[in-house]
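Look at the two complexes coming up: chain A is in both, with chain B in one and chain C in the other.
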Partner chain A sequence: MSKEKIKISEDLYDIMPSDYQDLVKSATYGKEDRGWKDIGNSKELIEQHSLCAGCPESMAFRYILASLPNPEDTVMVGSTGCTSLVFPMVAVHNIHSLFGNQNAIASGLKRALSVRFPGRTKDVVVLAGDGATVDIGLDMTLQAWFRQEKFTTICFDNELYANTGGQESGLMQKGFVAKMAPVGKLFDKVRLPEIARESGCHYVIQCTVSKPSLVEKVVRNAVMIAREIGPTYLQLYTPCILEIGKNSMEGLQEMRDSEKPTERFAYREYISEPAKQLLAEISAKDKEKKAAAKQLASQGA
Partner chain B sequence: MADTHSVIGTKNKKGQTFTDTWKMMNDAPRTPSFFTGSEVIKEALRRASCDVMIAYPITPQSEAAALIGELFAEGYIGDYFRGESEFAVMSQCAGAAFGGARVFTTTAGPGTMRAMENFPMWSGARLPIQMIVTCRGINSPLSIQPDTLEIAYLLNTGMLVWHAETAQDFFDWILKGYMVSEEPDVHLPLALCCDGFFVTHTKDVVNLTPADMCLPPYDPYRSPVPCMDMECPPVRMMRDPFVMKSNYISYATHASWQQEVWAAVERSRKHTIKWINGLIETENTDAEVLIVASGTAVSQGREAIRLLEDEGIRCGLVKIKSLRPWPGEEIREATKNAKHIIVPEFNVTGWLAKEIKATIPNSERVNAGPRVCGGMTMPPEIIVSEIKTLLGMRTMSMAGRGS
Partner chain C sequence: MTQYRVLPGPEHFLPPSAASMGICLPDPGEAHINGVIVPEEKAYEEAAKQFLMAKVPTLFPGPLVLWAWNEKAAKKATAIRHLYNTIKECVQPGQTPMLIPMPDYRPKYPKINPEVEINPNHPNLTIWHNKIDCCMFIGVHCHQANLSLKIIRGGTSCYTIAMCAQAGHEDAMLSFRDASVEKIMKLADAVKRLKGTVKPRLTSAKNGA
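And now, the complex of A and B:
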């Protein structure tokens, strides 16, 4: 989609919703170096959300949407859960169909877009919670990776079923007492990042969303690698402050505490050899571009 | 319409000519060919301009699903792969349809049941996917034999449901089915059912349309809901997602959308009548005895009618082609003279007889049987015997049936 397509006819301008007018005036579709720094001085691709006050998931949503390299040609796939409450207010096409089938939907979608738009880039990004990704949808998560489907899977890991009220999930820590884990969870947190690597993902990152610059980097990398090479996986800690007994303002600190080198959300990455090569090429091109711009600027001066 | 029409007369990459479907199906010369039902599915798909087909092995549709893979290898299908389960496959089909593709898949019995959560979602999302259902047993212990019980579960999904009798029905309806499904005022998935093995694994003469003609491609921008391809503006859909609201406006939204899906099923009626020449076919409906059936039970009914004729008993026939939309008016009209309405079925519960009873006046006229299930065949003689018993005539006892 070119930005031309979202332009409003002059005659209809005043009756369009203000958030749509803002999208046309000041969103970042087509902006090559878009990123988290656009937040605050351009129209974000997310309207008001209906998540709890202070929910780290809402921060993650904003950073991710600001960081997609190609939102004007990106379709997102969600699943049931807190994320499904946000997607109706997101200004890229997105699909919610059932609980847990997000990677199956994305597989069919990506292939249809490839058939219909040969030679054009159409990115597909899955964004779902840990129940959807690891429990009910694990089969389809892994099978999409085995098949080397070319899309990015992002898991919002809040270590429980948040939207249904805090039940045990596969990504919950061992020993945590929760609904449906009345004597504490009896088995370890599922090691999905390692499984992702073994399942054929070319780029696997585990981190929190405490640093927007980091989220921007990993989202961009994941989308670019999925576009050119194969499946990528991001597991982002977005604690459910409500269900772990924290206050609205404590989400950021919870993430900072959990990402210390000895903690379970210490930054971890795996990058396959072809993916490393691609990232090096992208970085070299960026440098070239910057150098050229610098030269142009100095000539102008 | 412009997009679809502009390609008529041009060629696809396989050299087939995009042809007006009405002309292709009704005016183009037909070649009689001796094929299995599975091969007929492949031949229909060769002409269907299908973008994406997703396959999974389950008897008795595996052969058809694999044959379509050969079509993909030959370049007739845009993309093709084996999914990991029927639940996943039906979601993959949904993803491809959300992305604006013409989608095809096949399943059977336990596969239909495993995938069931997807079907109301397909209808609700207005995805005109075509799914062939080669019916087989769904009971435990495991059975792979013909049995139509799974159709009963499809009837309330909001999908269009047709029940083919022969391979010829199958060939024509696969192609015509897309025309009904993809109408902007319908835009619903189609479950095109047949009785597994009886249709899929037997050979029959089928009149094929020319192999160098194919359907016009699907135009996703005629859909009543936006195609998820970021080619049209991504407007915010709602202030708050209705799922989280327990209030009247939320309930009313969900209720009205369900009503709209079923209204679309109703609106498909006129297109279905046009394309498959009526929701039912009838013979001799002035007779006092009438067999009303769908699928291969119709063929067995025809044989029974022939046997009865030999004995001087006149019996009419109603072949139900479309189960959704349901031919209520047509059945009331066709059965108005009948004193005895015989409904032979290949399933244990007799879902078709129940539907008919709920449709016509004086439903005590309906004889819910004979029924066979679990892979049993239905010899015409048991239909004859059932009818003669109803008429108070002596019947021969049949071996092994304890009568």
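And now, the complex of A and C:
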């Protein structure tokens, strides 16, 4: 997809449903400084969602889609799970893979895109749940990192298999009893952020999605680093409020409680040296741009 | 030669694909009507007749013409609008032509608005809701058109026409191939020519509507 192709034929414009007209008129494709602050001011790239009321995953989706630096040239790869119910509503190219296969699909896709469009920046972003990333697809996840595939992997960690009724997953915390795991988890939560670091990821973040500005920052960084250097990994806590016995309004508080410094979702990051250098360069360029814009504005005034 | 004919349904829940029943696609310059290969000229007449007979003749433009991704697509969109306007001018009171888009192919959950769009994964909803008894697909990618045409034949009695830019569709009751601006205009001319000569159906078909 490219921006030039997102144009409705003039003679049939009036019959197009309004959500498509809005996408063309006021979505943020091509806007360099797009971010979560566009939510509410422009057409979002997610039309509606079929998740449960109050699901933190829907917040995460909105923030991530608002933060992708290059949505018109991004392909997202999803997998089986709650996220796969949302992808049909997303105005970014996406592929649904077999359960667990997402990083293998993304590897081939990224390579094919770089051959097919050598002069264009094409981003690939994997977005899957913890079952697909850590249990069923762990082989594909790790192999992609070992091979230094240049794409971002985002894991929505809700600490169990949510849409099949609450079975135990590798990312579930020790001792947790779920509806379909009555004995309680017998071993610790798999430490995937550490594994990601050791497997060659250049940018690894663990956080919740309670703060949109933080989600924006880490998504942008992850995509930019994956584009230039190598694999990146984000593990975002998106609790399943139904499975942990919370009400629709309590998802945000659950995330806030879980990100306190002593809790299991305290913010953690790992940035490799080359990635640090790249982020510094990007930051310097941004500062230059801002200074130039400021100067221009003051001259105009 | 097969005795199977592609006729308005409802055939049954999962109709066999017409290709598997021995229906062949037309060669260039030809079309098929109910699975029988005919010269293209005859198909223009038949398609025009079906539009003029129908209570709710409908055009379903797909993404290949709704989005102006190249100059040709935009020109086809203009021709489709012309065809729609021609049908509107040529039908009699009581007939209500429609132009309903298929903007993309995503499954629409939790619901689709059948008044404003058609979706290839459940096209029967739009057909039922609007009581459409004759429709033409144009600018829809072939695999999605095949899916829709089969579902429509399976669960409705709507007469289906395919104006295909490739080799045509076995699962439509009438299929053109190599669709172009000229062919769409020619169909509009046929509709104009037959104006007043075809008696419209008084009531819509039993299940499609």
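Things worth noting here:
Note that the second predicted complex is superposed on the first by the 297 of 301 C-alpha atoms of A that agree within 3 Å, B and C clash if a C-alpha of one lies under 4 Å from a C-alpha of the other, contacts with A are read in each partner's own complex, and residues count from 1 in each chain.
Following the convention adopted for this analysis, a contact is a pair of C-beta atoms (placed from the backbone, for glycine too) under 8 Å apart; a residue touches a chain by one contact, two chains touch by 3 or more.
No experiment lies behind these values; they were computed from the predicted model shown.
In the overlay built on the shared chain, the residue A:127 is in contact with neither chain B nor chain C.
Using the contact criterion defined above for the overlaid structures, shared-chain residue A:109 touches chain B, although it does not reach chain C. Using the contact criterion defined above for the overlaid structures, shared-chain residue A:12 touches chain C, although it does not reach chain B.
Judged by the touch definition given at the top, the superposed model places A:201 against neither chain B nor chain C.
In the superposed model, A:85 lies in contact with both chain B and chain C. Once chain A of one complex is fitted onto chain A of the other, the partner contacts of A:77 are limited to chain B, with no touch recorded for chain C. When the two complexes are overlaid on their common chain A, residue A:20 makes contact with chain B and with chain C alike. Of the two partner chains placed around the shared chain by superposition, neither chain B nor chain C is touched by A:51. Touching more residues of chain A than its counterpart among chain B and chain C is B. Counting contacts by the rule stated earlier, residues 5-6, 17, 20, 50, 85, 88-89 of chain A appear in both its interface with chain B and its interface with chain C. The touching residues of chain C, when paired with chain A in their complex, are 61, 65-69, 73-74, 77-78, 80-81, 99-101, 103, 106-110, 113, 116-117. Those residues of chain A whose C-beta lies close enough to touch chain C in the complex are 5-12, 15-17, 20, 48, 50, 85, 88-89. Here chain B touches chain A in the complex through residues 51-52, 54, 78-79, 81, 83-85, 87-89, 91-101, 103, 117-118, 121, 125, 226, 228-238, 240-241, 243-244, going by the rule given at the top. Contact residues on chain A toward chain B in their complex (touch as defined above): 1, 5-6, 17, 19-20, 47, 50, 72-75, 77, 84-85, 87-95, 97-98, 101, 104-117, 122, 139-140, 143, 147.
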